[in-house]
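Next up: some structures, all given as structure tokens.
Consider the two complexes below, in which chain A is the common component and chain B and chain C are the respective partners.
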Partner chain A sequence: MDNLKVVGKKIPKIDAPLKATGAALYIQDVKIPGMLHGKILYSQYPHARIIKLDTSKAEKLPGVRAVVTAKDMPPNFRIGIMKDNPPLKSGKVLSIRDEIAAVAATTPEIAEEALSLIEVEYEELPGIFDPLEAMKEGAMLIHEEAKSNILKMPWRLICGDVEKAKQESAYIVEDTFSTQWVTHCCLGTSGCVAHFDMHNNLTMYSNTQIPSLAQNDFVEALNAFGLKNRRVRIIQAVIGGGFGSKLDTYAYEYIAILLALKTRKPVKIIFTREEEFFATSPRQCTITKISHGCDKDGRLTFRDVEMVLDNGAYTSWGATTPSVMMLPISSLYKVPNVRYIAKCVYTNNTYCQAMRGYGNPQATFAIESSLDQLAEKAGIDPLELRRINANEPGEITPQRFKITSCGMKECIEEVYKRLNWKEKRGKDNGRGVGMASLIHVGGGARVYKSDGCGTIIKMDDFGKVDVFTGASDIGQGSDTVIAQIVAEVIGIPIEDVNVINNDTDICPWDVGVHASRTTFVAGNAALGAARKIREQILEAAGKILDEDPADLDIKDGMVFSTKNKEKSTPLGKALRKIHYTLGGKMLMAEYFYDPANENFDKEFKGNLSVSYAYGAHGVEVEVDRETGKVKILNYVAAHDVGKAINPLLLEGQIYGGGLQGIGYALGEKMVYQNGRLMNGNFLDYKIPTAKDVPPIQPVIVETDEKDGPFGAKGIGEPGLVPTAPAIANAIYDAIGVRIKDLPITPEKILAALKAKDK
Partner chain B sequence: MKKEITFNLNNEETTVEVDPKWTLLYLLREVLNLTGTKEGCGYGECGACTVIIDGKAVNSCIFPVLEAEGKNIITIEGLAKDGQMHPLQKAFIEKGAVQCGFCTPGMIMSAKALLDEKKNPTDEDIKEAIEGNLCRCTGYVMIIDAIKSVAAGR
Partner chain C sequence: MINDFNYLKPGSVKEAFEMYAEHDDCKVICGGQSLLIVMRQGMVAPEYLLDIKGLDELRYIKYDEKDGLRIGATTTHREIEKSPIIQEKYPVLSLMETKLASIQTRNWGTIGGNLAHADPAGDPAPVLIALNANIKVGGKNGERTMPLEDFFKDYFETALEKGELVLEVHVPVPPAKTSVAYQKFNLLDSDMGIVAVAASITLNGDDTCKDARIVLGNAAPIPKRVKNAEELLKGKKFDEKLFEEVGRISYEESEPVADIHASEEHRRHLLSVLTKRMIKKAWEQARAVA
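Entry: the complex of A and B
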């Protein structure tokens, strides 16, 4: 490990020069000759019956090439994991983002004008906007064909005997916590270009995070259109932010496909910022009732959680976030008895999707807030309570997670030390400290039948390498991490590695950039392929140099004998000798890595990930009792990452995740009133700016994960998981009030202070 | 009715016919194919479209195109000289200030306008200068570091 030349180094992101010079092409920048522009007409009401839909005037507008409605879509074609979402709606609309019609025209402006010429008459219907109302017996059904508004997804995890543990606990707390809708706010909005060739094969320019799964979705769609056995090629433009927003395929993409098919032209749809706010799928809001118990020494005895999630009108991956919430609920700290029951409920609100952390931040907010309440009741310092119960290597958790490397205790100690916890805690002077920990998947997550990633490596005649990986880069730096791993294994400078990661015609399959899995899974795939190509190089060079391949090594692009330093050849020269000869060959290698993790069984148990990421965040805040404003004085973010392949990019994930978490904790909220988004713009929905950056210290704790590439684990999501409860706990220490519903606004703090003083 | 305007764009006199309804951003991206300048919101709130006009950082998405007449305009494409990147571009790359990169061109233009105006900006100056440039990936820390390093290195 000590001799690493590329891995473990602060290496700048390899696509940064393209981006910093404005040369990187995002989906907004893709232009194809003859391309048309698509625009979508959305419902004016969150719940209504469409009485009349007349597109005739729009069709006549010069420049309009096609107008489509539900009748142009294949009947019964539905998208979403429950197949409950027709890409164009007819009959009834169920949410304000329901797509009713779409236009393709020669310019975006003409398309927009055409939308205004489409005549729609609605009969407005009363809606249900509160999941608790929607759950009631006899509530109006959002989907008439369903028997209940509660999704048929019975999330239920039972470990041990919670009722018995309640009897035996020395201290018990119970409370309810809630979280809000927040949205990704990718700076680059959603978009695509759909393009058919003469054989009806589809090329989709996309910014998806799941090229292989999207390919599968679009093949299915083409089948539904009657285009059997067609090819679908996904080409990803440079992706202007992901954060989970692009883990599904969306109505607009199918609409672009339909318009392209109708017009026989490439059709581009780019969301406006307004659409990006109301027509993409946010993080789901939750209502969580949680109860915790411990014995007289502070050892946790049980955790009991009931949760309601507002699913919105249709079903995307948001509905499956309880599967990841189970992870902290069952396994954050040692807790022998666990019960978790979650219900996702249809409403006439916007439907939800994945967002960085995939449910973990919501669950961890409830768990870590509740733990502070328990510590207070038991008379134990909250950090001490976490030390007592901290996870350890070798543990098998109640949900059957096999904990391999685990630096949770080290992370807690970093917080203790760097926050000066002992000095700062419990001063009751308007300043306070708080902390929270996290567990997340760090070695893939077996959500699908495969959690794999493929890599192909091809050597050229000059000693340079092309690496074809299925793993997408959404800005996090997987391109660079993969290049580092390949460069390290082969023994060449990173400049000699070219990573191709954006085209399903040439890149192997990958399940997607989700679950903080890319460094681990794609990294292991790259490692496997690089080892194979290195073997081939040494084998061939052995013949050229007349040496045993076992005695050869490669450094800085030179192949040399470790026994006889005289014997060496530049890698490129060796490759050319291997190539340009009778019976010569080009060196290529492939590797498919699928981690040895498990799908959950019927009881939602099983070792979801090969390894688990840990961390602890500690915060010092100052709260102004007059204004309710919270100022973060110090923020410590300690993360167990296995091995830092690239500390520069890693710290970037911690800073970026941390600030997103601070936005989630202290300000961001999508305000929906009766199904309508009231603040769908950057003026009213404020994401943190440069002025909101607190003093933040990223702390990297290395634990050397045995199954990780060079010992690494995932870090993409963890940075924002414990932020909100750490801040809430610090505020409680500062002023003695606990805010239980996010975001923690000055108004809520003032109201809580007022209530406390009464 | 189209109208002809002349201005200096990235050090070159440029004359072009424009529709008075256009924004400067539209002209840059859709007509002149200078797609390095990004549109993140279209209403002057995210800063992705920032260009420098007569020394000031401006949101080109709300800048009426006719007002470009006679101005001196620099876009991200105008920063590199003789194939050498501007020190700010190099610093952004080396300090890890670039993730998804969509905000990067606008961010760099705001930073340039600041450094052209102030020799030794404070942290507060830097934060003030890029407050209107939203970034969702980096948490701004490395962006601020990058700008500071350029200021310190002059």
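Entry: the complex of A and C
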């Protein structure tokens, strides 16, 4: 690990100049000759029957090439993990974002005008917008064919004996916490271009974060359209942010495919910012009842959690977030007895998706807020309570996670030290400190049948390398990290590495950008391929230099003998010799890495990830008792990342995650009133900007994960997981009121202060 | 989607007056930081846009020790923020600008455009009214000047007659021992204010209050003077209890409306707190000035 030349260095993102200068080509920039522009007509009501749908006027508008409705889609074609979502709706609309018709025209303006010519008559129906209402016996069914509004997803994790532990606990707390809808706010809005060749093979220009799974989805769609055995190619443009929003395929993509088939032209659909707000899928809101107990010494005895999630009208990955919530619920701190039951409930609201943390922030908000309540009841300093119960290396948690490297205690100590915890805590002067920890998957996550990623490396005649990876870069910097790993292993400058990561015709399979897995899984795949090609180089150079390959090394693009320094050759020269000779060869290598993690068994147990990421956030706040405004004075974000491949990018993840978490804690909220989004724009949806960044101290704790590339673990999501409870706990320390539903607004604080004074 | 429109680009103020008089259904654009948003939302769809941003005749910041400050309508927010003379003589104006949206917006947006848009949540108007500013408007048929507080008529409505443009803001030299403080309440650093308060305090030689002007932002359809509170302060000494009382008057006299960002009650409460704080701040600052 010593003498690393590229790995561990603060190297700026390779793509930063392109993005900073506007040279990067996003999906908005993709143009194909003959391309048409598609626009979608959405429902006017969150719940209504369509009485009449007349597209004849729109069809007659000059420039319109096709108008499609549900009639044009294959019957019974549904998308989403529960196959409950027809890309174009007929009969009844179930949410305000229901797609009912679409237009392809020669310009976006004509397409927009055509939408206004589509005549729709609705019979408005009463809707259900509260999941607790929707769960009641006899509630109106959102999906008439279903027997209940509760999804058939029995999220239920039982470890040990919670009831017995309750009886044996010295202290018990119970409370209810709730979280709001928030959205990803990707600067690059959603979009695609669907393009068929003359053999009906489909090329999708896309900004998906799951190219291989999207390819699979679209192959299925083509089958449904009667186009059997066709090829689907996904080409990703530069992606302007994902955060989980692009982890599924969406109705608009299937609509673009339908319009392209119908018109025999490439069709582009790009979301406006308003569509990006109301027609993409946010983080799900939750209602969490949680109970915690500990013994007289503060050792946790049980954790009991019941949760209701508003699923919205259709089902995407949001409904599976309880599978990840189980991770902190069962394994954040040592807690021997655990019960977790979650229900996802259909409503006439927007349907939800993955978003950075995948349920973990919602669960951790409840857990870590509740733990502070328990600490108070037990008369123990909340940080001390966490020290007592902190996870440790070698532990096997109740859900059967095998903890390998674990820097949780170090992270807690960093918070203690850098926040000046002892000094600042319990002053009751409008200032306070609070903290919260996190556990997340850090070594992939086997949520799909494969958790793998493939990498191909080829060398050219000049010592330069092309790396073809399945991993997508959605802004997180994976292209830079992969280039660093390959450069380090081979022994060449990072400038000599070219990462190609955006074309399923060229790049190998990868399950997608999720679960903070890319550095770990794609990094290991790149590492494996780079080692193979290094061996090939040394083998061939050994012959050229007449040396034992074991005595050769490569540095800065020179191959040399470690025994005889005079024996050396530039890498490019060696490669040309290998190539331009009778029976010559080009150097290429491939590697497929699939971590040795486990799918959950039927009881939702198993070692989901080969390593786990830890962290602790501590925050000092000042609360204005008169206005309710919270100011963050100091923010310590300590993360066990195994090894920082690129500390600059890693700190960027911590800043970005932290700020996203601060927005989640203190202000961001999608305001839905009776199924309608009231603040679908950046004026009314309050996302923190660069000017709102408080003093954040990112602290990197390195624990050298044995299975990680150069010892690294994942860091993509953890940055926002413990933010909200850390802030809520600090506010409690500052002014003695606990806000249990996010976001923590000044109005809620003032109301709580008023209630407390009574 | 923004509608198709005809773009008019005058070369002089005179030509702007003529073009504006000639074209019906014409909106003036002078930076577009507010107009383009409502056009994009389809709320405004004019046939003509008259772009006066390039009129350098109206782009100036002039200061005279007797006459005070004159700012031409096409002067950008950023120019006001960065002006050394404004920073020296009217620091509250510069400070207000530092919190007005983003640098990008301040580089584009102009003082004339901002005032003509007449958004009750706009930052400059309360500060300028507290500074006793006047506004000069004009068209083909001549110019006229009025106190800025008389310029605002209703939500997004002003005293501008058909064919008239905003030409200049005039801020007189403040009386001796005068200071103005401004604060808006928001959750994000440079966001629009949920509410805002500007307070001007002029002290007598014995540190009693000679004059006061209190202006509430986003508290009513137009920037709102709280004259009962101003009267109450006159002749009084520095007294925190009095400031509480004045805050209560703001609470009672304001007419805020509830929206998704804050309830009516919360807005009134914040107005009372900010009024109290801004009077205190302006008073303390006024003691320090000559």
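The definition used in the following text is that the second predicted complex is superposed on the first by the 758 of 758 C-alpha atoms of A that agree within 3 Å, B and C clash if a C-alpha of one lies under 4 Å from a C-alpha of the other, contacts with A are read in each partner's own complex, and residues count from 1 in each chain.
Everything below uses one rule, namely that a contact is a pair of C-beta atoms (placed from the backbone, for glycine too) under 8 Å apart; a residue touches a chain by one contact, two chains touch by 3 or more.
Remember, it's a predicted structure, so these values are computed and weren't measured experimentally.
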item	value
Touching partner for A:750 - first (chain B), second (chain C), both, neither	second
Which of chain B and chain C A:572 touches, first, second, both or neither	neither
Touched partner set for A:63, first chain B, second chain C, both or neither	neither
Partner with the higher number of touched chain A residues, chain C or chain B	B
Chain B versus chain C as contact partner of A:188, first or second or both or neither	first
Which superposed partner A:696 touches (first chain B, second chain C, both, neither)	first
Partner chain(s) touched by A:683 [first = chain B, second = chain C, both, neither]	both
Contacts on chain A seen with chain B and repeated with chain C across the two complexes	272, 683, 687-689, 691
Chain A partner contacts - residues on chain B that touch it in the complex	29, 34-43, 45-46, 48, 75-77, 79-80, 85, 89, 92-94, 96, 98-105, 108, 126-128, 130-144
Complex interface listing, chain C residues touching chain A	1, 37, 102, 185, 187-192, 260-263, 266, 269-270, 273
Of chain A, residues touching chain C in the complex	108-109, 112, 272, 626-627, 629, 666-667, 671, 678-679, 683-684, 686-689, 691-692, 745-747, 750
Touching residues on chain A, where the partner in the complex is chain B	10, 12-13, 15-26, 28-29, 184-189, 238-243, 272-273, 474-477, 648-649, 651-652, 655-660, 681-683, 687-691, 693, 696
